[in-house]
Amino acid sequence: MAIALTIGLGIQACNQSSPIDNQTSDRFQGRLVLTGSSTVAPLAAEIGKRFESEHPDVRVDVQTGGSSRGIADARNGVADIGMVSRSLKEEEADLQSFAIASDGIGMIVHQENPVNSLSNQAIIDIYTGKINNWQQVGGKNAPITVVNKAEGRSTLELFLDYFKLENSQVKSSVVIGDNQQGIKTVEGNPNAIGYVSIGTAEFSINDSIPIKLLPLNGIAATSENVQNETFPLSRPLNLVTKTQPQGLDKAFIEFAQSPQVHDIVQQQEFVPISK
Amino acid sequence: MGEKSKNQISLPTFIVWAIALSVTAVFCWILGDILWHGVGQLSWEFLTTEPRNAGREGGIAPILISTCLILAVCLAVSLPLSVGTAVLLAEFTTTESRFGRLVRRSLDVLAGVPSIVFGLFGNAFFSIKLGLGFSILSGGLTLACMVLPILIRSAEEGFRAVPTEYRLGAAALGLSRTTTLWKLLLPAATPGLVVGLVLGIGRAIAETAALIFTSGYVDRMPESLLDSGRSLSIHIFDLSMNVAGGDANAYASALVLLILLLLVNGMATWIAQFWLARRIKS
Amino acid sequence: MKKSQLTQNSRLSLPSMQTERLSLYYGKKAAFTDVTMPIYSGKITALIGPSGCGKTSFLSCLNRLTDLIPHTKVVGSIRLDAVEILNNRVDAIALRRRVGTIFQKPNPFPFSIWKNLAFPLKEHGIKKREQLDRLIETTLQDVGLWSEVKDRLHTSALFLSGGQKQRLCIARALVLQPEVLLLDEPCSALDPISSGVVEDLIASLRGRYTVVIVTHNLAQARRIGDYAALFWVRAEVGRLIEYGTVEQIFTAPQQDLTAAYVNGIRG
Amino acid sequence: MTLFNNKNLSPSQSDLVLLWILRGFALLTGIIVVLITAFLLLEALPVLQQVGWLRFVSDPSWHPVQGFYNLMPMLWGSLLVTLGAVILAAPLGIGSAIFCQYYAPPFFSGFYRQLINLLAGIPSVVYGFWGLVVLVPLIGKLQPPGTSLLAGIAILTLMILPTIALTAEASFSEVPTEYFQGAAALGISRWATIRSVVLPATKSGLFTGLILGTGRAIGETMAVLMVCGNVVQTPTSIFDPIRTLTANIALEMAYATGNHRSALFVSGLLLMVAIAILVAVAEGMSRRNIYG
């Protein structure tokens, strides 16, 4: 009985939620569905709220589930716009992408760790297990806890790409999912090393969490250096669509790229894109 | 206690007390942790305003409403389904029957399916196949599937625990099985049903992975069951794992979740005992 | 209570029930086989014999309580008023309304005293409060319980004493005005005084109901029975050894086994 | 005058209707089980067809992006962490229930019961969070890195303890008090009564609790993901980090495509098969004792 009711409602839902957008008039109305990267989701949700306040008849629904989900949903039309926390790959060239912010990736260690910088080779050796004690890179006599990201995360792909590593070469002692888990792991373990989003790390450091960012290639890991594109390890946060966006989609993407939302981007610990 | 003199506590007594006290201690630790970090953020305003700045600021009003709605959908579907199935298993099939064993075994397997698989199933079936989209309804139905094994198994235990004499007595009076069930067995099986309910509600209210893909992430006030709504547990997960600086509000939300759980559990127990047990006493 | 109200029929000398070659199997194992026996209307029939000889199983066939036990098979014939009751088209529920059962261990429902009686009445269609009250009062008087419980009708029946519980159970069966009452060792779980009260009550049912009682107490069978049937185990299967009037069974048994049993030599 | 004129003995319809309604409910429940299994199979099928079953056992490692699909270390991880948690939680949970029912002073048993009720509903995220910031650093001091099999076992023990305790207590509460009076009259101690009367009388309920607890432990995702370290390896000590099948799904599903995604569904399927085997073994071992 309940199921029958459900199905009835479901059909109704289909009719309701079909977006009535694609109108080229100034008054937009309808529902815009965004799915994808959990990194982008809080940012997109906040941008969505501001967009809603400017266009009262529009509802922006943001759903998470990961970058690959954003790609898949944008492709098969489940979502109007996908959210992807990396550049598009070659096999994804059929989609249109629009960067709304960028994000650097920095190495973090515990604040008490005397090591203040590591060469690229040292990082490679640590992650491949050739160096397994902090003493070998000028620290205390303690085993290194290597914090790596889970397979498929765009941060991992970027990290491996930069250091020319294969994931199978990495000898990790902890594998994490999200940035916050990485920060908490390093916070709780004075001998850990990991890599997280720079914005998140900066926020945590300001929140007096005992971690510190290490410079990469001699360049300090700061939001400024990400913004002026001197920091070598960064990624764009993208909105993707299946076809050239029109109507409501276009309006939202343009809004998300405009300086009107730069304060939101900064508030969410990302770096606005200066065009 | 009791049988032995006071200075001579028996070993089992000691062990049982030790278990209880250590369990209490650990759990008070966890609860204290949540309370300590969360109580400062808690205010009337926190409960009645919308979240701002990805949840770091503002309150949880829409999230609270969504959570209650998801739970209501889940229970409205799973309760009748599970009590019905439990009755069939406990009263109309013998323990050795092939049908009963098959159902029971499938339920045990279902109980061990990871919640994230339920989430992906719910997304594929309710959200896409049935066209419910990301909605409170999809989320509630997915949770209903997930809590079925718990509800059914505990309800079945409840029915099995009812003394056979009641059934024989009722049968000897020429009462139909329908009557026996409604008037006699259901009230008498209340303890088992309540346990199932408490466990089921606990599991549903605490669920994260199954809801991310079904009821969704939208933290706006839901306008209907077909709107997407973020549950408290997802909010906690997002704040603690995905939003830097969300810890304070994550703790406060966890505290609210616990209070909500106390209320819902209390209400469920109260309704079950006073509604069903009243029939027994009057 | 007026006698005319409860007396169903006055065909006193006709068999109310009749079994023909009745056998009961639990799975492959037979509990008893080939029992052919009349049960006379308005009389008290006592089933006697040692434990495990199939008396209780026989009793539960008579109102098809065996339906509730998995893997049982009943073979043969049982007629109630010339209607074959081992027929699937016969509703066991309607049958059990007409053939009541009292168990060895009193089993009042976890309700109040009043509701224990009202519940079955309501379920069988009597809903008016006045009628319920009247029926409950007369029935409780009939079993001698009224004066003991009239001030606490709405308290739980589980607080009654053993003898009171058993009389309540008998009242619960009688309130439905059955034609046949089956009693399975109704006194064996009670103290001697309660046992005496219940026994007197059963004796008082003579003439108004057809009663079948299983008892281990030979003296009791002799005191209250009109007819008696001796069951015995032979080759691990229960059998009806001898059936007759109580005088005949106890004073002039046909079988040596019966003679030995009633004289306390065997069993 | 007779009250019941109805002397016909034809069957009533209400019971039949009830039976069919109940069958309908059970059928729906059954359909859900079948749907979920079918869904898993369907999603797992592409990789099973392309790569075959064997590779999930024989590949050198789990690097699905590079085409290696060995799931065995994670299966071991799941089984070990569940086994450890159940071994710890069973005595603790049953002990808690015994305490509540037979040993605790009334005011304390009420409080304790509420506490356990509450614990049953704490989100796994909160357990995981607590484990990550409190428990893991503690274990880390003993033996780095702290995120380990041990941490997973500890957290899961806490999580399934309420399930076991609540079902056990519900069973205990249905043991007639006569047993206790009877035993007390014979001068048997409380503990001896519990051991020789209560526990045997309630084993079906206890077994149900254990099965439900095991189910929750083996299916738990978020908490183990946060405290176990998620390194794909067969553990050699309880301080080794492990990854469970569920954590594997949760960690990678959001980012997986193609064969990788399909392989994650194989993880789910494998988990279901493992549980089915566990259930069958448990039932086989105890069929006569429990359900008899």
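Should a chain be cited, it is by its letter among A, B, C and D, assigned in written order, with residues numbered from 1 in that chain.
Just so it is clear, contacts are C-beta pairs under 8 Å (C-beta built on N, C-alpha and C of every residue); 3 or more make two chains touch, one makes a residue touch a chain.
These numbers were taken from a predicted model, which means no experiment stands behind them.
Of the chain pairs B-C and A-D, which one is connected by the greater count of C-beta contacts?
When the contacts at B-C and A-D are counted, A-D has more.
Of all the other chains, whose mean CA position lies farthest from subunit C?
A
What whole-Å value do you get for the distance between subunit B and subunit C if each is reduced to the mean of its CA atoms?
Chain centroid spacing, subunit B to subunit C, equals 47 Å.
What whole-number Å value describes the gap between the mean CA coordinates of subunit A and subunit D?
Subunit A and subunit D have C-alpha centres separated by 34 Å.
Averaged over CA atoms, how far is the centre of subunit A from the centre of subunit B? Could you give it in whole Å?
One centre to the other, that is 33 Å.
When the centre of a chain is set as the mean of its C-alpha atoms, what distance in Å lies between subunit A and subunit C?
79
Could you tell me which residues belong to subunit D and also touch two or more other chains?
12, 15, 28, 250, 253
Residues of subunit B that touch two or more other chains: which are they?
If we look for residues of subunit B contacting two or more partner chains, we find 80-81, 176, 179, 240-241.
Out of subunit C, which residues touch more than one other chain, so two or more?
Subunit C, residues with two or more chain partners: 92-95, 97-98, 124, 176.
Quick check on the complex: what are the subunit D residues that touch subunit A?
Going by the criterion above, the answer is residues 28, 61, 63-66, 68, 132-133, 136-137, 140, 144-147, 225-226, 229-232, 241, 243, 250-257, 260-261.
Can you tell me which positions in subunit C touch subunit B when the two form their complex?
Going through subunit C, the ones touching subunit B are 63, 65, 68, 70-71, 92-98, 100-103, 105, 107-112, 115, 119-120, 123-124, 154, 156, 169, 172-173, 176.
Can you tell me which positions in subunit A touch subunit D when the two form their complex?
Against subunit D, subunit A makes touches at 3, 38, 64-69, 71-72, 142-143, 145, 150-154, 166-168, 172-177, 181, 184-185, 187-189, 191-192.
Would you mind writing out the residues of subunit A in touch with subunit B in their complex?
2-3, 6-7, 9-14, 16-17, 33, 38-39, 41-43, 45-46, 59, 61-65, 78, 177-181, 183, 199-200, 203-204, 207, 267-269
Mind pulling up the subunit B residues that touch subunit D in the complex?
By the definition above, subunit B touches subunit D via 1-3, 10, 12-13, 15-17, 19-20, 23-24, 26-31, 33-34, 80-82, 84-85, 87-89, 92, 95-96, 101, 103, 105-118, 120-121, 124-125, 145, 148-150, 152-154, 156-158, 160-161, 176-179, 181, 191-192, 194-195, 198-199, 201-203, 205-209, 232-233, 236-237, 240-241, 250, 254, 257-258, 261-262, 265.
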